[in-house]
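Input: structures, listed below.
Look at the two complexes coming up: subunit A is in both, with subunit B in one and subunit C in the other.
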Partner chain A sequence: MKSAPFEHHEPESVSEAVSLLESLDDPTILAGGQSLVPMLRFRLANPDVVVDINGIDSLEYLREEDGYLKLGALARHADVEDSDLIDERYGSFADTAPLVADPQIRNRGTVVGSVAQADPKGDWGSVLIAHDGEVVVEGPDGERAIPADEFFLLPYDTTLGEEELITEARVPTPADREGSAYHKLKRKTGDYAMAGVAARLRFDDDGRIESAGIGMTAVDITNARASEAEEALEGERPSPELFEEAGELAAEASNPESDEHGDASYKERMVDVLAQRALGDAAERAGAVKRRVTQ
Partner chain B sequence: MSSEPDNPDVPDAETEYQHPEDDGPDPEKHCGHGRGGMGEEVSRKEDKRFITGRGDYVDDIKKPGMLHCEIVRSPHAHARIEEIDGSRAMAMDDVVAVLTADDLLEHDLATMPTLMDDTQDVLVNDKVKFQSQEVAAVIAKDRYAAKDGAEKVEVEYDVLDPVVDAEEALKEDAPLVRDELEDQEDNHIFDWDTGNEEETQRAFDAADVTVEEDMEYQRLHPAPIETCGAVADWDPGKDKMTVHMTSQAPHAHRTLFSQVSGIPEHKVRIVSPDVGGGFGNKVPIYPGYVVAAAASYVLEQPVKWVEERSENIQTTGFARDYEMTGEIAATEDGEIEAVRVDVLANHGAYNAAAQPSKFPAGFFNIFTGSYDIDAAYGSLTAAFTNTAPGGVAYRCSFRVTEAVYLIERMVKVLADELDMDPTEVRRKNFIPSDAFPYESATGWNYDSGDYEKALDKALEMADYEEYREEQRRRIENDADKLLGIGVSSFTEVVGAGPGKQCDIAGIEMFDSADLRVNPTGNAVLRVGVQTQGQGHETTFAQIVAEELGMDVDDIVVEHGDTDTEPYGLGTYGSRSTPVAGAAAAVAARKVRDKAKSIAANELEAAEEDIEWDRESGEFHVAGAPDRSITITEIAAGAFMNHPDQEEPGLEATNYYDPPEMTYPFGSYVVVVEVDRETGEVEFEKFVAVDDCGNRINPMIIEGQIHGGLAQGIGTAMLEEVTYDDNGNVTGGDFMNYLLPTANEIPNFETGHTVTPSPHHPIGAKGVGESPTVGSPPAIVNAVTDAMSHAGVSHVEMPMTPDRVWKTLSEHGLDIGPADNVAFEFDDDGAGEPADD
Partner chain C sequence: MSDEREITLTVNGTEHTIEVEPRRLLVHAIREDLGMTGTHIGCDTGNCGACTVLVDGEPIKSCLMFAAQADGSEILTVEGMEDLPDAGPELHPLQEGFKEEHGLQCGYCTPGMLMAGKALLEENPDPDEEEIREAISGNLCRCTGYQNIVKAIEYAADELDDAERVAADGGALAADTAGDGGPDPADGPLYEADAGDADTFCGREDCCGGPSTDETHPGEDPPAQFDTEHMGGDDE
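Moving on to the complex of A and B:
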């Protein structure tokens, strides 16, 4: 790794980190390094100062607390992948973790770092959106929570302040009749998504969809919400026709670009397919339907 | 390229060693005799050092006072250099020098010849011709400082319009890539044709059926896991240049280095240490090597240059990039009467194809493949574009991959047109096994083959008929996943020479082996080829073990150092076993011949009475098997008690010029599932039956097959070096140039048949490249086969989900998830049953 020279700081607490961020000139936070180190290596990032948060033990957690699933800033993709709690209750997280990059990268890379990176091809942003999640940040003015919808601005650009550190990503714990899923289309293992869709469905006692969340990956300038599709679902009973309609609305809401891996028209169509698949899984996991392949 | 079976260039004595009295190893029962000879699965000798991290690669080399070189590259694909200012870089603490073309001109090192006799800038002199071309070099005390320095070199460019596509390049108003060449008024490099045009046209005119298909063999990169690099060390005391470099052909590179630099060849030493994969990428000379050597010469200190991954993909030899149109003329019942092909080749900014044959398109004219076709004609045009130069033989003989792809695809296209099973068409047209040696319509002289046998075996292993049934069932049931079955029955041509037909810079493509037996009975074999993972240190030791009855552990194989190894032309084109392997066998037989006279001396018998027993690996006195002696025992005698009429010592050298190429072949069967919702392709079954003649180490062969099949999958499904219209490489790193991983690779089922080469001393043929050559058409045939019932005849590589899905949708085969899923609802009324 032939990066430009930089200064390396290793705070051991969140407050120490925040005061470093405040006092140093233009600092860059280093978490798992799986996005930052490649950027240093290509000299796309040339920071003078790096604040390495890997020594802050208090940020290493993944737990349910106060009605939230909370992922500390040092929860790695692999921690999500290995968690029984995730397996039991968070279908979309369980689907996503093994689809992020490859095992080596998952051992180091963090969920929060991925969200902070704000790559529109990153998977976790869509999951947060589908779950109405938030990022919790700590700065000179104390703590604040930013809803996922308000966090992403542009590719690699967020509403995080320069002197702020994300300490946690969190989503509300699911209700009884709630299920979620993530479907991702990629060309090979370790590759980013050509398109991805996270879906979450909560059902009322009557079997109607009480709340729906759909987040989309790699098909807009940021991870994006498919609001019209969500609205079309809410208040309805699940059916192939309903999911078909939602899939179409999600595809319409998407805004992909053509690249060497696929044309925009194809990606739009795949949003439709992936949304329907994710909705089917989410409904099934909520215990609302059993799916049966007709052949 | 056909030559008489009795090649007059092969002296009798050689023929004698080639086909010795004892007939050589027996293909039916060669079992290595328990000593690690032919046919034994000996563990690879090289693995211990690789697995325990003790390999020694160019980048592991550290020398006292060693400096580091970083190359400044052009961000533009086509631009004139107005000015280069290295002063800010020079002002940095650890920067020692900034080199530009002007500095190289002083030493006459500003340009270098390519393997096709073109002249390439080492550092751009006037005009940049492709993105990332070498513009300047920074030499610094460590590699970080070199990189920091390179960022500070300021280059002013006058940006020009580039041309990226070969077809565009040949249009009248296209930007001129090579304006420095006199007489070059357009981007046209050469036209070439082969075969008989009129005869072929007549066959087409008279044919019942003709088919035609356009297909592109996309630009690939060999992408060896170790990138290219060198440590150059000029010794002003000895006036000697030593270059450790990633070379597949150290001796040829020594000769070229000497020619470029003017340093006499005996004062140049090239060492190719452990090499982390070559695949043809390490056959050419690259500017980085020359810059490192020039810098070492000027600064009188060792200089290391090791390129980064994207530099490797963006600037060093690419492969393929052929736009082809294939045509077949046939009878109604599927007999092929003629084949015709037209090619447009993109050679990049310089004509630098790695291509040692006398033909500008290499062995492309083997496009009649495994079939007995009377009339054939091929034409090809090559063009310059503002893309990196290349056209190397990526894990294949020169352009045979493109040829095999063409014919194996076209046979499938014909079968679909005739509504015949593609295996039926193949059988109808195979060169019959009793027709060998066979001369093809374009003049190739095939040594041996039994194509039907290999196909039968592959079909049986693959449960071909059952899959055909299943395929029909799925079509009838309108299933959401279609099944496709693809076959290819390819013939490779490997083992260049013969020297009369193939050369590098005029040096005929023989190869060499030098075998020296030590007084204590073990031996050192030095060869002129260079392993990059092929397992030569094991395989060649097995050949010697077989021929001398020695234990394989008692033979060490050395390669890669031009100061100690006999001259050779290197490893690529599956030539090592056909050529250097033959040399090793012949050298061993010469040693055995001399050993015979020592045996007579030791056993106190007349030489005529001494017999060699291949089975026991001993000489014995005729009629008295107890009076025997091994080579190991004889070795002592050669040094301590040598017969009066012989020189002391026990050694022999052989330079082997093969009388012909060898023609390995095989049949691959691939079964895929195509997802009608997404266009994703999954492998259901992958059967590979190979025939490489007599097999030396079956385990190594299997490893070679697995690796090559993985690369074939990469080719068919994932890989392409892409450019945008401005000439920017958009597929120039591993985020965008997608290599397959273990996850993308299905379980391979391998099988083999054995049809020995009649002219090779141990009946062997090359094998390392068969799978890369043979598998892409099988995979594409499988994917098209899944959709051929709807009229699909072709899908371009790489077969991305996007491309496959578009093909599905254009032919009405695409579906959405709702078409196939019904919902059932829980009893507690959580939902209502949907309509059907």
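Moving on to the complex of A and C:
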């Protein structure tokens, strides 16, 4: 099926894009298009005006700067997947990228576009939450940073203003003793998550957990934080028992719906298991624990 | 409202200038405006990968990109494969592989599979089976069960590797004991299932369905055990 006709604008700078968003009537922003293009074709979205930001070269970046890992709005999933910086320092990002959709879609789709889409089954929102990340937006009144916790409102609904463009997603650079991971359950390549958990752990010099972040995918109306589990972890030393407790608390905090892939109690159990695995990997990557060879 | 605009696409080395509406998908521009129907439309939803083409060397699904977004790009479609520098006199080694290894039945997915295979071999000339399965994980095949597609891509990798060796040897014949241009029987049985390798067909990950997935399955891998000696601190 074809999209309804639309006007196609291709700004070459962020300021040009923002003036277009300001002056045009109800424009839709097109980045990687891997969700939006099918929505247009099935006429689930019928914008008269599309602002295509793919020509804004200044948004093509993935770098560390000013204490943040910054992903420009045109950083594709494949850019994250191929990045040495990500491999070395950002376990959760390295885990997540190859699990998004399939290779072709990862070549076009963007991390920021996935966050903007705000599908509760999207992976990146959970990663941003676990890292206390932010989305940086540019609008008529200038720039503002929205914490991930305050960004997601409902499925496909966020606090982004109608005249604002997300230019960047960012997370603080990790401390020396910090590690993160993402575990996702899905039936096959290309599927969205049935459940997913991102975890980040920072340890103090004494080996105790100084700060913990846990974000959950596909088990609530938005990507969600497991606050009680985080509180239970902080100040403690890592152990399988502690992570079991955190897994249970994350499962309790989740609110999944039964569907054809599994009932709610099964998904809660999966949150528990995935959280324990993600915490185990995060602790190992932080250098705080050493995995015992079990075979 | 929806004015046509002029775009230039270089498809298989030939430059084409066409007028398209902004809503024109790249796959429709290739098939209908340029008349190259080798690129298929399968699912219309971005799932099946039949419409995969290479845009500036990267595999993308041409049903998920507007033609106007490809303005100025170099595009490779299945029609261009036989003219690539590494192609044989008639076909590209990947195409040969699909023929030799029965990598297709109905053939609907094949153009997309060839493009995904081409992108893989460009980046990784000697992929293992897992890497091949990952590379074609965005392409659905409802006939073959994927096994012969994997073999077809392995065949092409071997052929291209042989060709490179021949070139390096200054034209001496590469090892091909059968003399048929096919894979050497000494490389192993052609039909792994016949050789009793039950895992090939009934291993959970590629059983009857899609390409293998690499995610873990709950219940399979118990949570990690820790060595408390390495946890830091000294009050235990």
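To be clear about the criterion, the second predicted complex is superposed on the first by the 291 of 295 C-alpha atoms of A that agree within 3 Å, B and C clash if a C-alpha of one lies under 4 Å from a C-alpha of the other, contacts with A are read in each partner's own complex, and residues count from 1 in each chain.
The definition used in the following text is that a contact is a pair of C-beta atoms (placed from the backbone, for glycine too) under 8 Å apart; a residue touches a chain by one contact, two chains touch by 3 or more.
Bear in mind the structure is a predicted one, so any value in this text is a computation, not a measurement.
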item: Contacts of A:2 with subunit B and subunit C, given as first, second, both or neither; value: both
item: Partner chain(s) touched by A:105 [first = subunit B, second = subunit C, both, neither]; value: second
item: Subunit B versus subunit C as contact partner of A:159, first or second or both or neither; value: neither
item: Subunit B versus subunit C as contact partner of A:289, first or second or both or neither; value: both
item: First, second, both or neither for A:34, with subunit B first and subunit C second; value: second
item: Partner chain(s) touched by A:13 [first = subunit B, second = subunit C, both, neither]; value: neither
item: Partner chain in contact with A:260 - subunit B first, subunit C second, else both or neither; value: first
item: If touched residues of subunit A are counted for subunit B and for subunit C, the larger one; value: C
item: Touching partner for A:58 - first (subunit B), second (subunit C), both, neither; value: neither
item: Partner chain(s) touched by A:185 [first = subunit B, second = subunit C, both, neither]; value: both
item: Subunit A residues contacted in one complex by subunit B, in the other by subunit C; value: 2-5, 102, 185, 188-190, 203, 206-207, 237-240, 243-244, 269-270, 273, 276-277, 280, 283, 288-292, 294
item: Subunit A-facing residues of subunit B, complex; value: 143-144, 147-148, 151, 477-480, 677-680, 718, 720, 722, 730-731, 735-736, 738, 740-741, 743-744, 800-802, 805-806, 816-818, 820-826, 829-832, 834-835
item: Parts of subunit A lying in touch with subunit B, wherever the complex brings them together; value: 2-5, 43, 102, 177, 185, 187-192, 194, 203, 206-207, 237-241, 243-244, 247, 259-263, 266, 269-270, 272-273, 276-277, 280, 283, 287-295
item: Sites on subunit C touched by subunit A in the complex; value: 1-2, 5, 21-23, 25, 44-47, 49, 52, 58-61, 63-66, 68-69, 116, 119, 134-135, 137-138, 209-211, 213-219, 221-233, 236
item: Contacting residues of subunit A [partner subunit C, same complex]; value: 1-8, 33-34, 37-38, 40-41, 48, 50, 52, 54, 78, 98-99, 101-105, 107-108, 183-186, 188-190, 203, 205-208, 237-240, 243-244, 269-270, 273-274, 276-277, 280-281, 283-284, 288-292, 294
